[in-house]
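A, B, C, D, E, F, G and H are the chain letters, set down in written order, and residue numbers restart from 1 in every chain.
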Amino acid sequence: MHADPAGVLTGTHFLDGDHACCEGCLAAGARFASGYPITPSTEVVERFASRIPTVGGTFIQMEDELAASICLQGAVWGGAKAFTVTSGPGFSLMMEHIGYAAMTETPCVFVNVQRGGPSTGLPTLPAQADMMQARWGSHGDYGIIAICPNSPQECFDLTIKAFNLSEQYRVPVMVMMDEVVGHMTEKVVIPSADQLDVTPRKHTHKSPADYLPYQCNGDGSLVPEMAHAGEGYKFHITGLTHDERGYPNMTVKVQDQLVRRLCAKIENAKDLVAYEAENLEGADVVVVSYGITSRVAQRAIDQARAQGLKVGKLRLIIAWPFPEKVIRELAPKVKAFVVPELNLGQMVREVERAARGAAKTIHVGHAGGGVHQPEAIVKAIVEANQ
Amino acid sequence: MHADPAGVLTGTHFLDGDHACCEGCLAAGARFASGYPITPSTEVVERFASRIPTVGGTFIQMEDELAASICLQGAVWGGAKAFTVTSGPGFSLMMEHIGYAAMTETPCVFVNVQRGGPSTGLPTLPAQADMMQARWGSHGDYGIIAICPNSPQECFDLTIKAFNLSEQYRVPVMVMMDEVVGHMTEKVVIPSADQLDVTPRKHTHKSPADYLPYQCNGDGSLVPEMAHAGEGYKFHITGLTHDERGYPNMTVKVQDQLVRRLCAKIENAKDLVAYEAENLEGADVVVVSYGITSRVAQRAIDQARAQGLKVGKLRLIIAWPFPEKVIRELAPKVKAFVVPELNLGQMVREVERAARGAAKTIHVGHAGGGVHQPEAIVKAIVEANQ
Amino acid sequence: MQLTEIRIAGFGGQGVILSAIVIGKAASIFEGDFATMTQSFGPEARGGACSAQVILSESPVLYPYVTRPDILVVMSQEAYTKFAPELKHGGTLVIEQDLVRVGDLPSGTTVFSCPATRLAEELGKKMVLNIVMVGFYAAVTDLVKPESLRQAVADSVPPAFKELNLKAFDKGFEYGKTHAPGDAATAEESESDVKSLEVH
Amino acid sequence: MQLTEIRIAGFGGQGVILSAIVIGKAASIFEGDFATMTQSFGPEARGGACSAQVILSESPVLYPYVTRPDILVVMSQEAYTKFAPELKHGGTLVIEQDLVRVGDLPSGTTVFSCPATRLAEELGKKMVLNIVMVGFYAAVTDLVKPESLRQAVADSVPPAFKELNLKAFDKGFEYGKTHAPGDAATAEESESDVKSLEVH
Amino acid sequence: MAKGSVSIHVERCKACGFCVEFCPTKVLALSSAFNSKGYHPPQMVAPEKCSGCDLCGMYCPDFAIFGYRLNAADSANAPDKEATDAR
Amino acid sequence: MAKGSVSIHVERCKACGFCVEFCPTKVLALSSAFNSKGYHPPQMVAPEKCSGCDLCGMYCPDFAIFGYRLNAADSANAPDKEATDAR
Amino acid sequence: MSTIPINPVLPFLRTDRMPTIWCPGCGIGTTVNCFARALLDSGVDLKHLAIVSGIGCTGRVAGYVKLDSFHTTHGRAIPFATGLKLANPKLNVVVYSGDGDLSAIGGNHLIHAARRNIDIKVICVNNLIYAMTGGQTAPTTPGHVITSTHPYGTFDPNFNLPHLVEAAGAVYVARWTTFHVRQIARSMAEVFKKPGFCFIEILSPCPTLYQRRNKMGDGLDTMKFYKEHSKIKNGVSTSEVGLTRNGDIIVGKFVDRDRSDYLTMAHDQFVEALGDRYVDECAAECCEEGI
Amino acid sequence: MSTIPINPVLPFLRTDRMPTIWCPGCGIGTTVNCFARALLDSGVDLKHLAIVSGIGCTGRVAGYVKLDSFHTTHGRAIPFATGLKLANPKLNVVVYSGDGDLSAIGGNHLIHAARRNIDIKVICVNNLIYAMTGGQTAPTTPGHVITSTHPYGTFDPNFNLPHLVEAAGAVYVARWTTFHVRQIARSMAEVFKKPGFCFIEILSPCPTLYQRRNKMGDGLDTMKFYKEHSKIKNGVSTSEVGLTRNGDIIVGKFVDRDRSDYLTMAHDQFVEALGDRYVDECAAECCEEGI
């Protein structure tokens, strides 16, 4: 489906990542946002608040992040595409509702512009230390998708992708920005609406009499079809373990079916792999990075190559589900992975696990508040090459 | 230091895990709890509410888990040992304050009696699916300790250990029970107070003039000394990145020092390894488990041994920090690790990572709501052995 | 004592859990064996079905759940319907006589029945039927010594109700000793035989 | 265009960020090059120091931060003190003449100074000093075409203020063209020489 | 002749007694019979006094009873499948 | 002669003007001099009118000024180290 | 008598889920019965009526009512309902939940939605206790009551909910008990027609966890207590309707005032500020009636 | 004149952290100045006085006052203070935070602490905006005000905080503006002596993010506005003190009533229920004065 032109600010703009993300939301068809201010993410909803009355839709500033993160889900069940935006402390408060969205299969987008943590930490400075939280922060087993833009242009492009995946899989998708990307201003090209693909809601075509809210129909996917309030389906939605009718069912069997499906629809999805690869063939060392760090790493890679080293680049675009297979297959062919992150060791654990000892894994940690010195990454590459 | 006899219910009792946990808190010297009811954990504070007025101390039922999880920290800074108790949905709501406790180095205990998830899930039925959340659920980088009892007796013993470790490391410690252990009634032997070791608060001996709240003193540990409100120190505590004086400092350098120390004091601690091992020597397959699953697994191990297989057992008592070295050294000596858990794959990822491909890692998942059929574990052992 | 699995079931308010606690406590605290008691929680609020499981053993109990109970104590028809099928071959069924009608039973089952509610009412407090049942149980099985069970009763109820509960225990025990032993019906006998047993 | 690093700094309310946006936009939107603009956020509230960084390049910019600026534009003494030391050898310093006193400078530095606040006040709105500075910048450097910068100004301010801002741009540009070129002081000259420059 | 009557869904009743207590004309009493859950559902002990006011129905927390006017009974309403097991 | 005087910590002042505005006797005015942050701190323009009431001190959001009674100045108070750079 | 009329409330219920989980003598079902009557009597458009509950015994109401129904998380029914309503203003949205859910963990949302005057109807079944979790003290529990977390009697003062929501901004505030079935149904029907944030508190017995532990008998005893101790005082100042353990219960419609609701205020402001540039479309329109 | 007296408030401040982060013309510092005066005048025991702030410009107050000071998480100053006070009742505990922190994300804790009558003193600096995050609408922002999240003017109705906290149960409620420096100091000194939950709201200019965006001038202009438009009405009904964009500001002490505080009620209940078995010791006693 093409984007609705009403929300598409076609043209070439000089935008920061937060504003580009907002334009991505609008282009993707989001017409509802509930937010609670927090640095460095607030600009996304500030722009939305300014744009939406002339596009058609609603922004509401809620009393806290608990409210913001469930309000948008009400909007989704009312028929809207919706999102919220936050940063570390607010993200922590949203964890219960990320679980609710996963459990009820509510398609929606959570944007987290990562700042330094833990706790109040460094409100105005960058980090990438909420990556594990994005995957594991809510209780119980569930699947989510997390996506990592590294420029304002990608804040636009990948936000649309986030909405599309959320609709395709009926899952909360996290756009894991970082303060640098969020506050950096660059050229952003927004195509015309007819050049933008937007995934429509997986709305049921069944009549109310035939419809079961959590039944997977023969389309081969593990994703049930959806209905909205006010359409006559009279469905029931609950965060309790539920059967295909959406009714609570407290048995091991139903729990097993439901939760395995919720995880499998994401973990086993074939098309949830997105990365940027460069010179992997014949590389001795592969630098695995994402977000702003991938741009810093690029300078390091260039420097290392200038020293004659064979360095490959793997940039995670979708970080969760983690592209385990890619690393697993690469590991026997390389000496080492070097993983720079603005944290003290998060995605590197996945690299290490997937590598299964077939290649060294070297983390280049940074506690946040700035970006790496490229030299620190070069040093690790050189060491890794030995 | 010995326990204060006022809180020690010396004798042999027939208690469920929740009640035993409460007695552990009292024996450890906890005199303050702030709670919010949630099945299947509420019994811990219900008993505390009933016991504390005759012991001396305070229980307050707060308006929500956000309040409960910060109220206790106020109590700690007022000079008490304190804890809160919850289950999945409440645990998700406490994530911001676990980060605050880690950042401010507030010694305290969070008890999570795990139930089926995600979301509201299975309120009255067991799971072990908050294990990754316990480690990663708050934003930013930080360290915590998580401990897994597998019987009411251990709910008593390990809760004391949890308090002791929280004081030693000035860190929030999670007691990760599960519904089965919490609601199971067994014999619990409570020794006399003088047989119970209780770690006192690491209180400063310095005068207010010399005291810096976040300075590590020459004792070789990475843990600063503490003072309480009302003692004349006039200290400042913040969740912002702070220097040794406890004053906000928004620089990369201070962030690096502080956050690396917070992680290192836990990850590098030598004495934070606690597990139960059996027949590891010469084992072909090692079953790694924790909590109630370790008891179910025992039956499976016995059955497999009866079939002539060489099966070792490794039960995690402290799950976080993960005993990486133990697995790493074991891996080359065994064919496989079998990891049964009441989740769809959490601690198994750590086993897999630590094993570095030197041994297979086989997960026996269960989505929760009950315990494994021992046969399912036996089957995995047999397969692993091949 | 060999590993013995017991299930006690009824409806909320009958004191199912307490009777299980008494049995477990008697074995583990007053006899030095091991006991693990677990309970099934319904999805929520009270009033519905209620069931508890006790495993007794001379060594520590590992697997905490009852797979096929050796002994099944039921105090409601619903509980009977739900749990009777899992009873172990050759197991023992103890029923509240006025609340449970026994249907098809696996052969080899020994059935004991006791009008516990009525006996409790005779004591003036219907709510002690659970302890009457425990007394009856003490009389008709011999896993745990009656003295231990009696001690466990005393230890498990609020002081104000101790006397009453001990009386209830004794009443059930006496009823068991005078009515049940020797003539316990087994399911080999016809259904009508079982019914006749209920006339006691 | 070769990779060029620019830092603009002053205090809150001077419009530092907007001037950086204008330069970045001019290069990337109106000239088709690439520009990355980042800003330093203080710990919090406004009113304090404020600084923005622009990197211009003919290929996409990777590393987003300025390491050693080629050009430093400062509009407050504090900013000068803080950032002057990082200026690249042989770099260009552009200052608000009434707000900044230049001290020791690395040799080879070219200094341009403009009384932007005063010029802005002449236009009746002190707040356009940032755009006066941009005009001046356009006159004294040649990285981005003045037309592009002028276009970027028009594109970056609210419609109601477009006229005013374009006037401000022109005023700064004119000032730069008439006063600065040719006689730009370099730090090779004595400090007093630099001061004399401020007399313009 | 009675102006109204009630329909009772025996299996849903939990014997709270609300209907009995709040029937303005005391038409109902809990019966001594059990339903399959062991509850004693109400029965009409003074059917002639029933006005069909449906207060019993409005109080019932379990949708197990309702009252109706007899002259309304012939109206176009289809028979209540649910209620047929109820008498 | 003035009954009071003020002490001004020039470097802390942010020139909000509160002290100037709310001095009941209009003792103060912002000076044209800058402090190192670029603010114009207040100065006494009518020192003889100062009562030492310290209202200026109470309004100051930056603890940069305070008033005191001159007859109290000889009391046992130690000199204000902080304030010495202030005049 | 040839035909038996159907129970008029059954079409409003998910009878396939009956019997309910509620205990004998629990009042929640009675309130649902009144709700069904109100739906029946008011002729409200059921297709566009959605119900949102939090977690608790009362929270299960959404699961028994045959509407588009949402069983959300504990305390968050109101913000969920807010999103539903604002995205799709054609919906009538009812929040149906317990006292603990709405006023303890959900207290913030309660006062903020009242402040904003979101056009939702909140029905609060107040059994003075956290029932589903086993009888812990709620913010509504009066003093000197035995609960599982106050085994020696409560001492925390309790909220006067009508007073609180009025102070926060509600336009309609009423209180009844489950004894007042007709009044409940009437109030419910009334709020369907009243724009803005409306709040109906219904006192309801929880024999299992409140009354029994406090030797107050069963559900029926409580109903009789309500009958004897309720005083209808329409229009009385909400500051005078606080509840105590054994005292009188003031019931009635306390507040009924007019104030633009949130969406109307938003609309007016945008029209004023943006004139023709304002696009007055709801967030959900694109997707609506997707079939 | 030979000696200069020291600035009497300096001993109460962490002067090593000055200058503060606050903007020129911000009123927060003025309130701190009054606070210091109140400490000075009331002779309160500083050793046993603790201050707790949330997050925001006002939240930084804890960091500038030389007491045991806690900068907690956003919205949670009150429950943190509750724990501090209940564990160690000898402490006097002051909560000092912003309107957004206390009444938006922290709104639930505000009303529940008021309900329980926890013996803490809450000072709410109300600049009608979320300042620290850049000027978003707060629950206190009046209608028709331009904010970063309401660029076309606010329309959400605002809280009347004195009314709300009174309805929730506060025993002392006052409002002043930063113009009323003497009254602020007097109220502060008064609440140090008043047991129970006390609330002082202080309107304060935020020239940077509220006034400037709304063409209301700078801090001094706002102070003059306060001077002209404030009406002191002690004892007036809190229902009449709502704030509008340009309207009069009713200030004064509105509520001063007596009610046992939480710890006293707990104590009385335990004494009654447990008699001699009650051990009346505080949670912190074991650790106290550890040096």
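We adopt the following convention: a contact is a pair of C-beta atoms (placed from the backbone, for glycine too) under 8 Å apart; a residue touches a chain by one contact, two chains touch by 3 or more.
The structure presented is a predicted model; accordingly, all values stated were derived computationally and were not measured.
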Exercise for the section: Hop across touching chains from subunit B and tell me the fewest hops that reach subunit E. Expected result: 2
Problem - Required minimum of steps from subunit E to subunit H, each step between chains that touch - result: 2
Exercise for the section: Looking only at C-beta pairs in contact, point me to the busier pair out of F-H and D-F. Expected result: F-H
Practice task
Averaged over CA atoms, how far is the centre of subunit C from the centre of subunit E? Could you give it in whole Å?
Solution key: 38
Handout entry: Intercentroid distance (Cα basis), subunit F paired with subunit A, Å
Key = 56
Handout entry: Per-residue overlap in subunit F, given as positions that touch at least 2 other chains
Key = 37
Exercise for the section: Scan subunit H for residues touching two or more other chains and write them down. Expected result: 22-24, 26, 71, 73, 75, 104-105, 107-108, 112, 132, 139, 152, 156, 266, 270, 274
Exercise for the section: Could you check subunit D for residues that touch two or more other chains and list them? Expected result: 42-44
Exercise for the section: Using the touch rule from the top, collect the residues of subunit B that touch subunit G in their complex. Expected result: 35-39, 42, 45-46, 49-50, 53, 59, 61, 63-65, 89, 119-120
Completion exercise
Residue positions on subunit G within touch of subunit H in the complex are 104-105, 107-108, 111-112, 115-117, 139, 143-144, 152-160, 163-164, 166-169, 239, 259, 262, 265-266, 268-270, 272-274
Problem - Touching residues on subunit A, where the partner in the complex is subunit D - result: 12-14, 16, 39-40, 123-125, 180, 183-187, 292, 295-296, 298-299, 370-371, 374
Practice task
Name, in rising order, each residue of subunit A that touches subunit G in their complex.
Solution key: 4, 6, 29, 31-32, 34, 53-58, 60, 62-64, 66-68, 70-82, 96-97, 100, 200-201, 203-207, 227-240, 247-248
Practice task
Please give the residue numbers of subunit E that touch subunit G in the complex, ascending.
Solution key: 5, 7, 9, 11-12, 14-18, 21-22, 37, 39, 55, 57-63, 66, 68, 70, 72-75, 77-80, 82-84
